[in-house]
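One chain, chain A, appears in both complexes that follow, with chain B as partner in the first and chain C in the second.
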Partner chain A sequence: MVTLAIAKQTLEEMLRRKILLILLIVAVAMIALGPSVGFLSPRESSAVLRSLGLAVILLAGLLITVLTGIQVIPTEIERRTIYTVLSKPVQRYEFVLGKFLGGLFTVFVMVASMGIVFLGVLRYQEGRFAPEMAQGVMMTFFQMTLLGALAIFFSTFATPVVNFFITFGLFIVGNLSSVTESLLQNKNIATRLVASAVHYAIPNFGNFNIQNKLIHPQVVIKNMNMFIMQNITYSLIYSAVLLILAIIVFDRREV
Partner chain B sequence: MAAAVSIQGLTKTYLDVWTKTEIRAVDNLSLDVDEGEVFGFLGRNGAGKTTTIKMLLGLIFPTAGTATVLGKPIGDIEVKSQVSYLPEEAYFYEGMTGWDMLDFYARLFRVGEPERSRRIQKALEDVFLDPQAWRRPVRGYSKGMRQRIGIAQALINDPKLLFLDEPTSGLDPIAHAELREIIVNVGRQGKTVFLSSHQLPDVELTCSRVAIIHRGKLLTTGRTDDLTSGDKVEITFEGGDAGLIDKVKSVAGACEKKNGASRIPAVEPKDVNGLVDLLRGAKCTVRSVVPHRRTLEEVFVETVLKETGK
Partner chain C sequence: MHPATRRNLILALVPLAIVAVFLQTRIDPTVADLNRGSRTPFAGLSTEFILGPLLGMQQAVAGLLWVRADEFFHEGDYDAILPMVRMVTWLDPHNLDVYITGAWHLAYNFTDASERSDRRYIPAAQKLLEEGDANNSGVYDIAFELGWQNTDKIKDYARAHHWYRLCAYERKGADAGGELTQPVPMFVWHQLAHSLARLGRIDECIEVWRKALAMSNELVRKDPKDYSRRNVRDSERHNLELTLKRKFSRYAHEIDWTLDSKRTRSTDPVTGSPTPMDACLFLSSQEIQRKAEQFRAVSAPAPAMSVGSPRPPAVVPQWETAFDVRPTFSADKVLDLKGQFNVGDGARVTIRLHDEKWRPPQLQAFTFNIDQDVTLMQDQHSVRQGTWGRKIDMSKDPKMYSFKSERYFLVFEFDPRGTSPFVQDRFGWSGEGMTDRKYLHVETDKNPPNRILRKVYRITRAQVLRREPITEADVFPSSEYVALQWGGPSRPDER
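For the complex of A and B:
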């Protein structure tokens, strides 16, 4: 009950943030205007529309997740609202989980809103519902779940500005998993060590990028459902580990 | 009487990262607050009052020493359900209405409906918040309304013990008096109030006992009446010429004339009879002979200056 109360309060607080609403409006407008850029490549207008839609959802989702994740806990400390919360019978783990869930609900509402508009535009443009695109939106959400957990973890000890760069940096590096994977075969032992540290320690955000497989039918995944389930499980387990670490750090933090 | 708060040797130090020196915010503090009393916790800015309260609430951790709150170690989650806190310069969730904010805090105490709504209404009524403001966002509240909603959130769990950190600072005189009345009412309900304040007249009116700290150290503690009572006597009289006033001053040290009456503020008990005889002999009318009481402000200033050696 306490965790959900904090999550609900966080969601309401985040939905009042103008910057997030502006991001959502701009993203929705870009998705809605997607069909008008089909002229750039008439033969592949559908692929352009799909690619653009998923890219916009990913980019907006990324900004919304990072801005939410880096702020939810530090803002409470900065505004001193945390005093009236933690002086009540609230365990610190309940606070961290509540803040994470509140941020996650915010991202869900935003990504789902963009996803619904995206699927609606596709339905209008192509005359059919595109369930595979819904999978793409869903994968973006689970990618953001993991990113949000990462931002929450760093927010328990880093300032929002530092956290912004760390989280963004790790997201970019985590998207280069194919590069770090190839470096694991490098002859130089130092390169191999660094590559393996980066490859295994940093969340593999690249795994969630299934846009190419969805947009270009020639890319084949043997078992799409299994692939999606694996990635969702990976996101949930990695997020759980990050949240446990966040709770351990926050439990020792003075506010 | 059982202690609502018991502190033994509580110490909090911080390391100044620039100068590499240790700063003692609270230094070996020991004191007890009895159940049901309104206790004043006094000190200058930076004396360590808020740090002490934050340690008692488990928001920060002591470097040394121990404390119990309602008989349990600090940070005990069960105890927190019977404790409340109004921070100094409390900030709230600005977009929430007063009612929604109290609803949120009541949920943190795991209070279900319909009890939750009943408590919210009672808390808002207890702090005399205008009902028209109940459903308005907090961002539109005045300073006085914010303090009222702050106290309302501190009353939402019907606490046994309240920590109030500068609850009346920055308020206009009317809001100030009303808020002081609210605190007095809370004390009358048998709740323990741990009141940190700079408003010494308020403390004198509301607190049965006080402690004065300076640079984290406890300077004195005791009943407000005991601290403000003196062994000297105050005499007021009418009449007398300049020569008489000079004679009085030579015995009592001071004599103030105001609105036709003269006041000798602090007469040693051994000099009282002699002075009264002197006044009567000079055909003066002696209006009163009463024990001299110091204000808490005088006690506070004297105690702190004595410590600083000024």
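For the complex of A and C:
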């Protein structure tokens, strides 16, 4: 209950932040304007509209997640409101989990809003509901779940600026999972070892990029539902690892 | 936190990490499938486009690049399009239109001052399509384009047939939801039938038309109000009947097509024989006299012919084409051709000039880089009233026609398989009805054998630069030329 109360308070606080609302409004406007770009590419207008829509949701979701994740704990410390919270019968792990869930709810509200607008635009433009695109929005959300956990972990010991660059950098490296995966077959053993370390230790954000399948229906995946389930499980398990690490680090931190 | 709780949490990390690694090993193969054909996401991109792929937005960047490439196309800046095509296919290897449009640019849009294509790019165009097809092997689109390019641009009907057949029998179309459950469109079957006709395999061609007609009949039965399907069905019926009739006329009894349209009421669905037979009968003694003269001209024995008796097949007797050409260079690199060809108006002679050592390249992988030192020119010209002639100026395009080689082959060719149906009505699908005293080359290893007319000159750079004249002493044996080019007695049917 304590955790949920902190999460609710965090969500309310985040939704009051103008920067996040501006990001949401800009993203929704860009999605709504998507059809005006799509017609420029003959015969591929649908693919352009879909890819741009998913890209906008990903980009906005990324900024919202990072801005939320890097600030929720340091802001409490900076404003010294954390003393008030922790002086109550609140465990530190409850505080960390509450902050994470609050941030996650914020991201969910934002991504879901953009997703609904996106599906509406597609319905208007293509004349049919495209439920498969909801899969793309859902995968973006679980990608952001993992990213949020990463940001929360670093926020337990790093300043927001440092955290911003580390999280953003790891997101980029994690997006190159197809590159690190191909390096696993490299003849050079040292390259293989480094690639293995990077590939399995750093969260693979590239796993969640299923735009190829969603934009080009001819791409055949043996079992799409299984693939999505594997990714969701991966996101939840990796997030759990990061949150446990965050709890352990934050528990020892002097505040 | 209690030390025991901390220890338990740390211990819990181990199985969670193991599960995460295990999941990653299960996810990797599918991710590899999704990214099949794509390259390092930032390869070759300018800085403003790098961030997108790094953040996992390859498709969006590919879409924007494609929009930009479209702008270049409308500005006529074809050179700028190709690198973008390459980048888009790397970023988004499932964008079919990019492969198809890129290959079209390569094969068709690089031209000399007289709008002749730079055919050195054709192998690259084919390779780009093959790469696209390998990355999208479930759908028919790119394989169909390979078939079409081989039909329309390269005139390699055997390869065209290979791709059309693959499309028709092994590929699928997407339904409204994007699932690959639909049969390929009927035009794929139509092109398959046309490619078989171009290969002279008429019985197989007729079978494909019958199959297509049966499929269309079924579709019309399911939705009788679909006028588009009914139109397709009617076209198939017409093409089937016409092919049967043409086979009958060319190889059984020649049909007078003007009379056929007026008097024939029905066509036998198996033999193509018209009912009544009026259109294939000698109706006057003048017609018999004209036919008898044709037999005399080639010293062939004439069958018994009387008014009311059926005409012999259109390809009998064989027609002496008297194919010949006199090439000269009227100025440096300006080829002046004057030819004769005893054939109906509209037949087209192919003219090809290339380095002596040039061979059709077999690319292992796609590349834009072509050998700029190679000279390769190909053109076609129509015959009018038994003669043809043309001036081909290669002096204005030194990048396309560098003439760096010492020796060249200058080839003049007529392939009955690629000619118009009304010319084939006299010569047959594989040239059965034509002969030539000097330049007939029979491709006996093909089934059915194909009878090609080909005159080959082996000339030197000095002749191209008008320092020496081209004479009949420069004529090179056609069979040796074919052996040099394709390493066998004829162009291979399937490569």
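One rule holds in what follows: the second predicted complex is superposed on the first by the 255 of 255 C-alpha atoms of A that agree within 3 Å, B and C clash if a C-alpha of one lies under 4 Å from a C-alpha of the other, contacts with A are read in each partner's own complex, and residues count from 1 in each chain.
Heads up, the rule we're going with is that contacts are C-beta pairs under 8 Å (C-beta built on N, C-alpha and C of every residue); 3 or more make two chains touch, one makes a residue touch a chain.
Predicted model, so just to flag it, every value in this text is computed and none were measured.
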Chain A residues touched - chain C or chain B, whichever exceeds: C
Partner chain in contact with A:L62 - chain B first, chain C second, else both or neither: second
Which superposed partner A:M1 touches (first chain B, second chain C, both, neither): first
Touching partner for A:T84 - first (chain B), second (chain C), both, neither: first
First (chain B), second (chain C), both or neither touched by A:R16: first
On chain A, positions contacted by chain B and by chain C: none
Parts of chain A lying in touch with chain B, wherever the complex brings them together: 1-2, 5-6, 8-9, 12-13, 16, 79-81, 83-91, 254-255
Complex interface listing, chain A residues touching chain C: 37, 40-44, 47-48, 51-52, 54-55, 58-59, 62, 92-93, 128, 132, 171-172, 175-179, 181, 199-200, 204-213, 215-222, 227, 230-231, 233-234, 237-238, 240-241, 244-245, 247-248, 251
Chain C residues within the chain A interface of the complex: 1, 6, 9-10, 12-13, 16-17, 19-21, 23-24, 26-28, 30-35, 38, 40-41, 52, 54-60, 62-64, 66-67, 70-71, 92, 94-97, 136, 138-139, 141, 174, 176-180
Chain B residues within the chain A interface of the complex: 54, 57-61, 77-78, 80-81, 83-87, 89-93, 95-96, 104-105, 107-110, 153, 157, 163
